[in-house]
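For clarity, chains are labelled A, B, C and D in written order, and residue numbers in each chain start from 1.
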Amino acid sequence: MIIAERKPIAEITRALAPYKNVLVAGCGTCVAVCWAGGEKEVGVLASQLRLARGAEGSQISIMETTVERQCEKEMVTDLKDRMAEVDAVLSLACGAGVQTMAEIFDDKPVFPAVNTTFIGRPEREGMWVEMCGACGDCYLDRTGGVCPVVRCAKGLMNGPCGGTRKGGKCEIDPDKDCAWVLIYRRLEKQNRLDLMREYCAPKNFRAVKRPGRVQAGKA
Amino acid sequence: MAIPFRETLKTKDFVVTAEAAPGKGSNVAKTLEHIELLKDKVDALNVTDNQSSVMRYPSVGVCLLIKEQGGEPVLQITCRDRNRLAIQADLLFAYSRGISNVLCLTGDSVDVGDHKEAKQVFDLDSVQLIHLVHTLNSGKDMAGNELDGAIDFCIGTSASPSSDPLEPQLIKVEKKLRAGVSFIQTQAVYDLDELKRFTEFVRKMDENVKILGGIVPVIGVKMASYMNENVPGIFIPQNLIDELAEAPKGTGVSKGIEIAARMIRQIRDEKVCDGVHVMFIGREDRVPDILEAAGLL
Amino acid sequence: MSMKGTIVAFCCQHSGYPAADLAGKLGLGSPEALRIIRVPCAGRVDVIHMLRAFEKGASAVAVLGCEEGACHHITGNTRAKERVEQCSMLLKEIGIDGRRVVMFRLSPNAPRKFVDVTNEIEMAAESQGRQDDNR
Amino acid sequence: MEVRAGVFLCNCGGALKNIDFDAVASEMAGIPGVASVHVSSDLCLAPARDRMISCIREENLNRVVVAACSPELTEYPLRRTVQSAGLNGHMLSMANIREQCSWAHEGDVTGKAVELVKMAISRARLLQPVEEVEVGVERSVLVVGGGFAAVNVGLLLAAAGLRITLVESTGTSGSDGQELGSIHGFDIGSLVTAAERDQNIEVLTSARVVTVEGAIGDFTVTISREGKNMARKYGAIVLATGSRIELALATDSDSSAEYQGIGGTNVVSQDQLVERLSRPASGVKPATLAFMVDFADESTRFSTLATLGNALAVRKVWDSEVYVFCRDVKVDSQGAERLYREARDRGVVFVKCPAAPRITSDNGRVMVEAKDVLLGEDITVACDLLVAEAVLYPDPATAALGSVLGVRLDEKGFYQENNVHLYPVASERKGVFFVGTCRGQSDVGRVMNDISSVVINIKDLLSSGKIMVESERVKVDSEKCVACLTCIRVCPHAAIELRGTEGGKEKAVVSDLGCHACGICVAICPAKAIEFQDYRDDQILAQIEAVG
């Protein structure tokens, strides 16, 4: 799922400085599950903003809401009757949500409250790791199901690089496994190491013509 | 004019190369000094390409200086800073100016350098780069278009014989050998058995590739632990660190040179591999002392 | 700030709350500004509860849970500790002293500990309060 | 439905002098939702309770707020009172104006009392009823393990009319109970045959528990035997998987000789000694014997009891000199003190030494060298036979079975009981119990205690075939739940599972029976989909709003 992380409060308060009535909008799907932008985080952020303004001695009136999925135009449009007295919107959704909100209510400034980081999964409670870079040309069939495009720091297609650390850790971060050592161990286990020995030609980095568009077959 | 490296590799039984480090500005005086000092003492002079992701005077620039001084340069190219268009263009330019040796490297990550927020390219990796040079050598570019004027590079690459785990590295070396390289300059090695096993491994697949053992003198315990910790692909064993610890204060550099020379002599006498590639980052002026101590001058 | 000087204490049913009762039975004086909210486990208290108490003007918020490793529900007190630390960080981020939110662990038969910690919190909050007022 | 709350203030027989109850009562009258305010002096006594019941009925109150002493004392009885007035017991909210207000501070605290009652009222407005329903439970018990404890539990529960399945991983039942049983004169064999003949008991040998789902009263357990899986329903699960016994090699750290190293033949385990004693005719009788106690592991009583019993037997049968080298003989097990005295009277010499003795060998005899605390000097005893100390280690299968059942292990690897004093045989997962050496118990006396307390627990739970339980006190709203598994991973009592809901999709479902009502899942749920009826977020926040 999409993983995000709450922005530092200083960035948010700076953006909201000129505004008095703010709608803080969470999203109930991905960012809720990774504790970044769900209903709970809306409550905490709203409370923190009120406390911050209180400390500065100026007032802020905050409306709290959580849209089931902020990347759905209809769900965002449902907020329209509450937008009359809103000066600015603070969206805790991922980039897709913030931009949908900004597009639907294009007469109002919309600010992100989280940084969308990657597509990933929970490694353990409260910690998420990157698994997929949405490169549009999946190579997982050649690497025993370990993606070098994002899990190798350099995205090499014929790894590993010379900098692998002792114990098979990544050159730039001793806590992270070298993707190519993981690939080696996985393929060795399935004795399909010939896959790793096979030369991989330069990747088509334009498989997805950014910005991407996917047209499903006619429903 | 220096002998082309391609010939040296065929004729000489013990090949010695060193490194000329580009400076951090447009003033090339220091670089010229190093070139002058080393060009006749070694068979070829490698020029690093933004080594450790630290922005420096371009590699092809120093290669031209070496050519002008009558030395034999080896152009190092990493895949971090340029995409496939830029790399092909640089190769054409370098060859047209008489540079005919290239070392294909993946390159360090920007995280270890001084521009940590830069966008890394890595459009290619070292194996794909080797294939690319072959393609250009055959008179075509990567998209299959005919070149007006082909090129003919002597291709080399690097390897890490003391990686742990080693097998994934060896698979990569296999790919490089199948792609076709004339010489391999390894990362810094301190355990000659590992280097010997590595050489035997390579020889089994390709007898005429020349392997030059990477020699990086270590001048102190602090530097040793720093390198073990931060410099990618470096593993200095404990016995070496202990030996350094015994060296009295202030004699670290000469101790480092002494150890390096001893290793070079051992490699030569026991024919561990086909030569050495001496790297003394920041102290290029002391490389002649190493060569002399190793009896290579 | 209608709740000037109040201390909101979330007391776990298995430790903080009985300790407060025992302190009362023994006549040990805890701060009058203390307002205790009974919770089934310290793990039930969430960051929003602490922040809302501060919004209402509480000068300090405490979460009183079981001793380390003696939590009736195994991980309740550890979670409460993590949430107090998160709340403290959220306060620090906006310039409020992070030490105003405190996690304290005690056993149900430790009334003196309960009284000492609540008085300490009150004194700390008061001295901090004076600093905030003249800022 | 309009909130009609009755506020009952109790001045504890006039003892709460520093609260002006009339002032408090007048303050309450104006608060929205308050239907009536009553001041009484002894809400813990029947007359006041009856008046409360009649108030509830006459003024048809649908909330009751009681400001009195601590809910720890009076909440339960007050709930019964409210229920007997026809109102749901959970519609009660309390304010602790005695221990935490009147007694906690000097001087007048009427103001604080007012605030505490206001807080209770704000919570009362948001209370919702929780029905108590009767739930059928499986009258069957799964007992894992084939040892002495397992078979005993099986027999006793079968006698109470419950259907028992005895799952034993090894080939024969009663195998690992030999050591424990034989030493203390229990013939494990006869127990096993009794179990096999009992029609309430089904013995499955070389079977393994694969998965456990559901909660107390309704466990679904998959058992695999000879390659095929069977799904069974159980009301409770008892783990009696025993433990592994190893001879301790505890010697003085610097002494070179290891026990096992010397001669081998003259170093035996308690079991081997018992075997030799049972056939006195063969072999030469050892003239001097030494036992080792409390050096490798001071926490188990296993080697102490075996040593006392066997030392006496050696004195009777072989009449040889017996030395017991010990740090301190702990005799807190059943009958241990009597055995110790009898052994002393029979001439067994107890050598108390601060550290493990040095063991060396001298042409076939075992030399035991130790510092005798009483004599204050080093002594060396040459003995023909040395009985090594036996130490209990967890059975290797403990960890794996623990994770299947979602229960914890202690730092030594035995099962971790919920509370060593209050619930010694219960795990944190309701309906899962541990008995005997698998939880570190080491002597027969304590194992017997375990057995009887587990039998009482389970009979109490299951024999009636039904349990009263508060239905949906903690409930997951399947509309809001996105099945992110956070609550399932977090629940310390393994009471939440993914189950298909009527919408078809699998969602988290809290088992009313298994839930311990701690609220940890409620606080951590990212979608705020879980509600805990008496401690909802809005109720907690309402109390905060009411302060000041």
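By definition in this document, a contact is a pair of C-beta atoms (placed from the backbone, for glycine too) under 8 Å apart; a residue touches a chain by one contact, two chains touch by 3 or more.
Computed from a predicted model, the values in this text were never measured in an experiment.
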Quiz item: In terms of C-beta pairs in contact, which of A-B and A-C ranks higher?
Solution: A-B
Quiz item: When the C-alpha atoms of chain A and chain B are each averaged to a single point, how far apart are the two points in Å?
Solution: 39
Quiz item: Roughly how many whole angstrom separate the Cα centroids of chain B and chain D?
Solution: 66
Quiz item: Rounded to the nearest whole Å, what is the centre-to-centre distance of chain A and chain C, using the mean of the C-alpha atoms as each centre?
Solution: 35
Exercise. Report, in whole Å, the distance between the mean C-alpha point of chain A and the mean C-alpha point of chain D.
Key: 44
Quiz item: Taking each residue of chain C in turn, which ones touch at least two of the other chains?
Solution: 46, 48, 52
Self-check item: For chain A, residues that touch 2 or more chains besides their own
Solution: 40
Quiz item: Got the chain D residues that touch at least 2 other chains?
Solution: 490
Quiz prompt | Pairs of chains found to touch, sorted by chain label | solution = A-B, A-C, A-D, C-D
Exercise. Can you check the complex and tell me which residues of chain A touch chain C?
Key: 8-10, 13, 40, 43-44, 47-48, 50-52, 54-55
Quiz item: For chain D, which residues are in contact with chain C within the complex?
Solution: 70-72, 96, 98-106, 109, 112, 115-116, 119, 408, 428, 490, 492-493, 516-520, 522-524, 532, 534-535, 537, 540-541, 543-545, 547-548
Quiz prompt | chain B contact footprint on chain A (complex, rising order) | solution = 153-168, 171-172, 178, 180-181, 183-184, 188, 193, 196-197, 199-202, 205
Quiz prompt | Complex contacts: residues of chain D adjacent to chain A | solution = 480, 482, 484, 486, 489-490, 526-528
Quiz item: chain A touches which residues of chain C in the complex?
Solution: 1, 46-48, 51-52, 54-55, 90-91, 93-96
